[in-house]
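Across the two complexes that follow, chain A remains constant while its partner is chain B and subsequently chain C.
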Partner chain A sequence: MKLADIRPTFRILGNSIWLQLKDNVVSSQIVGTLILQPVIFTLISVGTYEYGHRPDLSLFAIIGVGLISIWNTNLFISGDILREERRRGTLSLVMASPTPLLVVLLGKSLANAITSIIAMGLTFMTGMLAFQIPIRIANPLAFLIGLVLMIISITCLGLVFGTLFILTRSAGELMSVANYPVFILSGLSIPLTLLPLWTHPFSQLLSPTWGNLVLNAAVSGTEGSMLPNYLVILGLSVLYLIIAHFLYQHVEYRALQTGTLEQW
Partner chain B sequence: MRSAWRLFWGGVRASWADYLVELTPEIFLGMRLPRILLQSLFFVFMAKAAGGDKLERFALIGNGVQIAVFIIILTMEAVIESEKYADTLQYLIAAPSSWLPIMLGKSMAYYGEAMIASSVTFAVLIPLLHIPIALVNLLRAAPVILVIFASAGAMGWCIGAFSLPIRYGYLIGNWMGYLMMIFCGINIPFSSLSAPLQFVGNLLPVTNGLLAVRALIDGASYASVWPWIAKEVLIFLVYGAIAWVVFGYRMRITRQRGTLELV
Partner chain C sequence: MITIFTQNLRRTYQTTTGVIRRRHKEIVALDGVDLSIQSGELFGLLGPNGAGKTTITRILATVLLPTSGMAQVFGLDVVKKVKEIRPRIGLVFGGERGLYMRLSGRDNLQYFADLYKIPPEIAKRRIPELFELVGLADRANERVENYSRGMKQRLHIARGLLHDPELLFLDEPTIGLDPLAARNLREVIRNLHQAGKTIFLTSHYMFEIDALCGRVAIMDKGHILVEDTPSALKKLVADLEVVEIECFGIPEELITKLRMHPGVQAVNVEPLEQSQLLQIQAPAGAEMVKEFLAILEGVPVHKVVTRQPTLEDAYIKLVGGGTKEE
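Showing the complex of A and B:
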């Protein structure tokens, strides 16, 4: 990228964020993934732990559901963006424009991730109202930094999947199969110790695993520096961006070669 | 009667054709089935973390049924709603034949998918997680599971019929599926729910049928669980009747007022 391209790129990024935020305000999908899902998942997970006399895991479940909602919002709405572009026949126009699709997608995904902060608040609120769980964040600054890093990182991870959505008209199926492996492998609302040992390397490659650690440590006020975990999240985010970049180049080539973008 | 059968089979063929366009074998085996298994696995793991092996077994039975109920509610709603989006509602309205056989036929592929979902969940997760469930008892419970599918399907039709004039039928169906996980005793015993939750749960499909399924899997006789089965059948009849009346009303009103485009 040339130096002269930086300003227009940021303008496009800003416009994409703004357009997506406006779209989210009127989206019924948002009602489901951002409002209903956090509430229902919190009721199911905390209810299960309370029944099993494991109230020590309730807060862990709430944070997990918050991250689940952030990931789901990103995955479902980002997938929906491409599906809708394809349905409306505008995907080929967007891809043919000189602006890289990755920049447009980055802006839109970032907007979704920003919106999804609401979900984290809702999970805490549901826990407080439905189960009278006292929510005290021992280290609010560490929690905030962790949350911001997670939003950036989940956006980057979403981009990796987002590029795959371009290739298939079954984006809906791909979206629905991509959420539960991340919940399970990242230990969102379920302890990682339940998983077999061979899955642990996969868990460590997913930033939600580290985000879950950071947010839980910040809430409980665990001693020790958070910096190594922050750096891992940042490192993984850069890795996701690099993968997304190469995937996008490959996908763009495939899409132009096969000429099936209009196929619905 | 003969024409009703012909319509039914026409519906079955249409539903399979529609199904195969969306779900090729690659998509079904590579995406749909893994999703079904992973969703159940997630909630079963949660139960294991909360209550050990006992609650894990309990949640597996619940989720093995619920995963199929989820599919049925969503697809039955979609069977009704798709008439609107495919612009075929006017043919249903104008045709002199009853709409019921063809709509039943159109639902069959999805009932098939639900049966596969439930069977695969049990077939894979029971040995994978080493959960003690006797195959004979599971097979004994199969007819009750089919009754649950029927009552869940009637509820899906109800949602489809009620939400026909709006655009959020699928969303409502999706969240009803998740809400049933709270009200119907899927992950934790129904008896442990508070009285208001039990009251709502008793009005929903699955709750009573699942109580019967759990008892049968634990070795109970059909004679001892028939009140639960009878309640599940009653719920199927009530939801089915409501769906019949509401969908019929929607079609009648649409024809009377000429508001087909507004549906």
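Showing the complex of A and C:
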């Protein structure tokens, strides 16, 4: 990218975030993924541990559900963005512009991740109100850094999937397929130690695994430096961006070849 | 200087039928299209639905790849030089799609101005100018979902002009507009041409192409049938006259009989609200009205008119005549 392109790219990134935030405010889907789902997931997940006499895992469940909600919101709304762009007939017009669609998608995904902070807040509130779980964050700064890194990282991971959605109008089905493996392998719904050994390498490649560790450690106040985990999250985010970039080159060519940009 | 050049341009699509025994079928959308359009021209591409007009527009606008052949815009290959071509062209499709309905007209233009990397100080000046140009200045801050179809179409044009492109692709821009809105839009197109823009206009409205374009190509089933000035194309039917017969419930076999009648060049059936309009091309001065009415015996006839041929009749003769899809 040339130096002269950096300012306009940041401008379109900012504008895409703003546009998507505006759209999210009036979207009905946001109610489901951002409000209902976190509340229901928290009730089921925390309830399972509470009634199973393992209240020590309740906080783990709350953080897990919070991260699941961030991932869900990002994945579902990102898929929906492309479906909407197709339906509106704007996908090919955006693609015909000199700005790479990937930059637009990055901005919109970032907006969704920012919006999804609400879901994290809701899971904590549900835990407090429904199960009287006292939420005390032992290391708030570490938690905040971890949360910001997770939002960036989940945006980058969502971008890998979002890029694939350009190829198909069946983004909805693909979203469901992509949803569960990520949060199960990341140990967000059940502890990683309960997963078979062969799944562990896959878990290590998913940044929510590390984000979960960081947030749990920040809440419980575990001793030791968080820096290595932060660096892993950052490294994986860069890796996702590189994958998304190369995938996009291929996907754009394929979409122009098959002529599927206008199909919805 | 040549702005658009295509040689033996071909585009096919693959479709499949069946669930268990899947059969693959190749659909030819463009079949060996050769075009050469000069800078500053207002070039019209005419053809019925499915002729390949949108396919060629999309290929030239770099949003679809050709299957084979060559296509160049500003001397640049549309497959390899996409990044160089995109900032220099504007793309406008007909219809209501292609806009962000929940945003205001101004927000739409601002967003696309950013996508085209227009510096904010230029966009700030240009956006109000474009709203003036397309007559939407007093509605710029309203949500697009409240716009009429004609207003949306004018906003499309403004969007296409944001980055001041040298070449503008207009794919059926007046489709679905009421006559007044279509006339206003044609006026905008005429002004753009006078301002020096090269315009590639597709339409299936003959009078529109006749009124606007310096040169026209007629295409059907992926082929260019003929390419010339509107007046030269009208000469193709200069030795003919058109008999228009408005009638009610004409059977298909009588239309076939009319087509087979000696001297008849083409028969077009235009469905009207409650009747049908037969447009029969016959040699000028042959006075065949009585013969046609004899064939139509028993069919209620409302009106018979003989008139001079137009560009539309040249088009009907070239694409063979038949029942229009619209």
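Just so it is clear, the second predicted complex is superposed on the first by the 264 of 264 C-alpha atoms of A that agree within 3 Å, B and C clash if a C-alpha of one lies under 4 Å from a C-alpha of the other, contacts with A are read in each partner's own complex, and residues count from 1 in each chain.
Keep in mind that, in the parts below, a contact is a pair of C-beta atoms (placed from the backbone, for glycine too) under 8 Å apart; a residue touches a chain by one contact, two chains touch by 3 or more.
It should be emphasised that the depicted structure is a prediction, and the values quoted were computed from it without experimental measurement.
J.: Figure out whether A:Tyr240 sits in contact with chain B (first) or chain C (second), or with both, or with neither.
T.: Neither partner.
J.: Once the shared chain is lined up, is A:Gln257 touching chain B (first), chain C (second), both, or neither of them?
T.: So A:Gln257 only meets chain C here.
J.: If you stack the two complexes on chain A, which partner ends up touching A:Trp210: first (chain B), second (chain C), both, or neither?
T.: Neither partner.
J.: Please tell me which partner, chain B or chain C, touches more residues of chain A.
T.: B
J.: Using the touch definition from the top, say if A:Phe165 reaches chain B (first), chain C (second), both or neither.
T.: neither
J.: Of the two partner chains, chain B (first) and chain C (second), which one does A:Leu19 touch, if any: first, second, both, or neither?
T.: second
J.: Examine A:Phe143 and indicate which partner it touches, taking first as chain B and second as chain C; both and neither are also allowed.
T.: neither
J.: What residues on chain A does chain C touch that chain B touches too?
T.: On chain A, no residue contacts both chain B in one structure and chain C in the other.
J.: Okay, in this complex, where on chain B does chain A touch?
T.: 22-23, 27, 30-32, 34-35, 38-39, 41-43, 45-52, 55, 59, 167-168, 171, 174-175, 178-179, 181-182, 187-189, 192
J.: Please output the residues of chain A touching chain B within their complex, sorted ascending.
T.: Listed in rising order, the residues are 28-29, 31-32, 36-37, 40-41, 43-45, 47-49, 51-54, 57, 61, 170, 173-174, 176-177, 180-181, 183-184, 189-191, 194-195.
J.: Considering only the defined contacts, which chain A positions touch chain C in the complex?
T.: On the chain A side, the touching residues are 5, 8, 11-12, 15, 19, 22-23, 26, 87-90, 92-99, 104, 253, 256-257, 259, 261.
J.: Would you mind writing out the residues of chain C in touch with chain A in their complex?
T.: 13, 58, 61-65, 83, 86-87, 89, 91, 93, 95, 97-103, 107, 110-112, 114-117, 119-120, 159
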